[in-house]
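Notes follow the structure.
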Amino acid sequence: MSVSVAILGASGYAGGELLRLLLDHPQVTVTQVTSRSHLGEYVYQVHPNLRKRTTLKFSDPAQLQPVDALFAALPHGEFQKEVDRYAGLATYIIDLSADFRLRDAAAYERWYGAPHAAPHWLGKFVYGLPEFHREALRQARYVSGVGCNATATNLALLPILRAGWLHPDQQVIAEVKVGSSEAGAEGNIGSIHAERANVIRTYSAFGHRHTAEIMQECGLKNVVLTLTSVDLVRGAMATVHLDLPPGLPMRQLWQAYRAVVQEHPFLRLVKEARGIYRVPDPKILAGSNYADIGFEYDEASGHLVAFCAIDNLMKGAAGSAVQCLNLMMGWEETLGLEFPGLHP
Amino acid sequence: MSVSVAILGASGYAGGELLRLLLDHPQVTVTQVTSRSHLGEYVYQVHPNLRKRTTLKFSDPAQLQPVDALFAALPHGEFQKEVDRYAGLATYIIDLSADFRLRDAAAYERWYGAPHAAPHWLGKFVYGLPEFHREALRQARYVSGVGCNATATNLALLPILRAGWLHPDQQVIAEVKVGSSEAGAEGNIGSIHAERANVIRTYSAFGHRHTAEIMQECGLKNVVLTLTSVDLVRGAMATVHLDLPPGLPMRQLWQAYRAVVQEHPFLRLVKEARGIYRVPDPKILAGSNYADIGFEYDEASGHLVAFCAIDNLMKGAAGSAVQCLNLMMGWEETLGLEFPGLHP
Amino acid sequence: MSVSVAILGASGYAGGELLRLLLDHPQVTVTQVTSRSHLGEYVYQVHPNLRKRTTLKFSDPAQLQPVDALFAALPHGEFQKEVDRYAGLATYIIDLSADFRLRDAAAYERWYGAPHAAPHWLGKFVYGLPEFHREALRQARYVSGVGCNATATNLALLPILRAGWLHPDQQVIAEVKVGSSEAGAEGNIGSIHAERANVIRTYSAFGHRHTAEIMQECGLKNVVLTLTSVDLVRGAMATVHLDLPPGLPMRQLWQAYRAVVQEHPFLRLVKEARGIYRVPDPKILAGSNYADIGFEYDEASGHLVAFCAIDNLMKGAAGSAVQCLNLMMGWEETLGLEFPGLHP
Amino acid sequence: MSVSVAILGASGYAGGELLRLLLDHPQVTVTQVTSRSHLGEYVYQVHPNLRKRTTLKFSDPAQLQPVDALFAALPHGEFQKEVDRYAGLATYIIDLSADFRLRDAAAYERWYGAPHAAPHWLGKFVYGLPEFHREALRQARYVSGVGCNATATNLALLPILRAGWLHPDQQVIAEVKVGSSEAGAEGNIGSIHAERANVIRTYSAFGHRHTAEIMQECGLKNVVLTLTSVDLVRGAMATVHLDLPPGLPMRQLWQAYRAVVQEHPFLRLVKEARGIYRVPDPKILAGSNYADIGFEYDEASGHLVAFCAIDNLMKGAAGSAVQCLNLMMGWEETLGLEFPGLHP
């Protein structure tokens, strides 16, 4: 009774992570994985962690056979061109690219610099962040992936949003620090180890495309998203600054955070008075679908610093996508996502 | 029908890794975890990856209650002092320390610099490396852990040993490179990040205690084990040099390696002609119980370079220990050890 | 005609860096270096880069002999207790600790949690950042060191301050990312490599003591200084957010930055349209006294993101201190500080 | 009275390091730096550490003007094709590539897989390692560079070679661990940070071309050179195994090492009983021309483990090349090479 699944673009990092998760998923059978650049190779030659776990080879996306569920992890802009063809081959689609994250075609064009190739499809996709759209996802056939920097920021803001303390016009400054896997398997000259090791490199001060996902999901107009590369492979850490309404007592903050982590299985509140791990830290989240959130709040000034740490390839990409599949299929939300991460 | 398990010394790295594995093991219930230094704290305060996974607290080892199986991850020398008491509390014992790895009391005293506190117990323990002692482990009640550097070397040599090509008198030079988690959670001044990052530090040229485990398990007299710290948290990589009997053709090497990886579920042969991952590399093994082996062989000279990469806390400590439990209990050998590692 | 110099607390990281610089300084002879914890050891046993460069040994600070200039790199709070004694032994004093950075005794008590031991001395010290106090330093006998996080932030703000665009009441959010050498040579359990590698750990959201130095030097009342540890040994990177007065055109920003880097020999403007190094990055500053500054500015909204990258032990500590000595003595400002840093 | 110098191939890592050294060299004026791929760019756009240090731009190697001394840092195989033309333009030549390292044309062809393009030039070049050829270098007009892995191994063996304890037929196993800058600025897919971070990757078990330089310089026939990539940018560490003649007492080893480090200004003996830095470690050598050597010796068996740590771009490339220039010109050997490296 297992569900057949194919992955388009499985030789990239997000695709490989999807494959790792789905091969061990108790309800799923992976039937096809495609890659144009590695056509005919065993998947374990590209993703060496999967040696002895599968004898699948990369196939041609043009030869895709019908499946129950299709995951697409193609470069941005590719999937929208063929969404009609793929929708004819799969009952359920989860597209990890940025193609269907924004609901508004004009916003898409503004942020991505070109008109959308299939604007009539935009409204059919649900934004694939379960902590924001769980009920809609249970009914969805088409789901988009999420931007990893947007996800770290959105989850940092979720308790504040749910508590009704976010105002559309207020300024939110999100400082996100990220690892090198975010750049993808292709890399560029700045990605080679000798140039990329030991950096603290603020490569985008504002204007990054993921900003649009924060604005859309949190209903904000004034978001400054700043991205800084640090020396790490997996991980994204959002430190988000905003000013709360005057007079809000600390205990209400605690209530807002506790309510959110009780409701969502993959959210954890990290706010300890002692020990090494007093705040969220992506160090311990590699391979895990948890998003660790936390905060510091100055009652006198109302200034809040909200934290969220994730593995950018998991909760920021493949993990959330599998979590969406679980919801779409009516399975336990955490199925196949049990790995808790490592210490140290 | 699950088996009750306790872990002594669960606040260290190997103890924490055991706990991570056993909490998700389908046949096991962890009932107690002890730590003198963290008495009364939640385990997730020390091992933050386990937050939301357990509400266990560290208890006092003096208060240990009877259990089916006891894992001990105490500092070397501690467990042997109380082995009688602990044997009265647990049907099965797996001791990860070095206390019961050597079968010979004289060898123990020579390598560890002090007489053994319970020499009559030495013969009751089976050396806990399933690839060397699978059948004995199925019958065992008492099992020792393994040294991580010894394990990387022993598994690198296993195909050669099984093929009968190792001679007791021949010189074997094992160059093992290791990550910082090997030093344990206590650390020392040389372990702080500013001093330990970016190192290539050959801290033991020969004479390390793990040498004794290689000599014992491979039946060798002349082993040079050299240990070098590199900038990595988890991982041990053995590069082992030896000269094979003259005239041995390459294809026999291939046969020897293929036979071994087919027999053992956690061994994989990595020897690719192209791609990034052509040889074993601990990078992709963090959290995994796999040991990736490989070799390069010069047919003309008979010189062999044998490789083995492991996660020192998994196959080199906690992972092998759980694999032993599975064998002792008659369960599937790979149970609870399915995590394949991450890429990248 | 060389000047005799002693260093108190020379076994720490800042003290060691001072020693490296002063041993090669053409106008200086280092006559004494003290350390209580390493008394009698050769300095190269603690600072192994100095092997074959000096045969100095660590001596007892209680035995300090008169010198022309005294550098103090003691733990915070120590030097103020004996400032009178030391002032009797040295004509010039540069104290790298936080003891004499704040001019106001009440501010000191508020930020450091205890009354100052020698408040009458506070007014005699000049804050040791040449880019802010060059003329005063030329006349000074007593100079304080600087906080590294404050320095990165102050230098990021300097062009804006000089242009008159900073208002005392405006909010400034300074996100500083730092390497592990900032924690000092003593370390703590959270500093050991296995726990400290791969982190992105926001250990102080606001309220850090260095905030007081930014408020004092930039004349600001509302500064949020947020500190995040990343995986790097040397380096501090400030990403500073603020809103500029409406209508300020981009070209005026360029003018403000160019003016500042032309005036100060150790400031460089990094703002390239292409290549790998388009923005300031501490990666290339290890061992260098340069502070690389840069900015991104949104003309429409007036939002400015100002950057500054430094080596926390150089421009953020020992390098600025030697630069101050050069000014105090009337020497060329860059003397002994010529090392440009490495690529890659 | 300064000497004019040009650098061919100055956009690579070794070329950039040469440029850094020569810009600060008191006897040298750099007049031209060439790069085909970065033609017309400022050198600081590629080597950002040199911003504010030079306004040189990369020029076309075809336009090279006559100079006193020419450094070539071209890809292997390029310089030999045009050595006649370049010899017409420069009185002194130092070629950092592998083109003129081997004296024997047959050996060149065997190790490099193609006949040499200018075999009659081979005998005119002196191998550019001053610790092996100081007197010849003082008379030389043409000097080759050195292989970094060969240099670490050769210097590890130098005390043994000088003492007359090396026999041509004995087996020498050199395990060299290296950083990512060795791969050069071009990189390849395996060099991108996400794939290259956290590795321990033995990419060459034997047969590497640098082996030929060890055989030539040490007069050995049986050298196994094994190369392992670790997570570090700059550094090469050789751990060399060999068996010494029976009966050699430890004190003679000490004498042999002490004699060598007294003779050579850039060699240091590191062999401490305590402290963090008891053995050579490239961590503290970034940017320095020192080679730190050391050893462990088992008097009973005669087994020696010899160490050498270097910065592969300095003592293993550009630093040795400048040291050679100093000798060729009759200058102080250490001129322009004073930077001692950093701690931590």
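Some notes on this structure:
As written, the chain order gives the labels A, B, C and D, with residue 1 at the start of each chain.
Throughout what follows, a contact is a pair of C-beta atoms (placed from the backbone, for glycine too) under 8 Å apart; a residue touches a chain by one contact, two chains touch by 3 or more.
Only a predicted model underlies this, so the values are computations on that prediction, with no experimental measurement involved.
Among the remaining chains, the Cα-based centre furthest from that of chain B is the centre of C. Taking B-D and B-C together, the chain pair joined by more C-beta contacts is B-D. Computed from the mean C-alpha positions, the centre of chain B lies at a distance of 45 Å from the centre of chain C. Spacing of chain A relative to chain B, judged by their CA centroids, is 35 angstrom.
Centre to centre, using the average C-alpha position, chain B and chain D are separated by 38 Å.
Residue positions of chain B touching 2 or more other chains: 13, 181, 185, 189, 194, 197-198, 231-233, 281, 286, 344. By the touch criterion stated above, chain D contacts chain C in their complex at residues 13, 16-17, 20, 24, 41, 45-53, 181, 185, 233-234, 265, 268, 270, 272, 275-277, 281, 284-288, 290, 292, 338-344. Residues of chain D that touch chain A in their complex: 13, 179-181, 183, 185, 187, 189, 191-194, 196-198, 231-233. Put simply, chain A touches chain C in their complex at residues 173, 175, 177, 189-190, 194-195, 197-203, 205-207, 222, 224, 226, 228, 230-233, 235, 237, 239, 241, 276, 278-283, 286, 296, 298, 301, 303, 305, 307, 309, 344.
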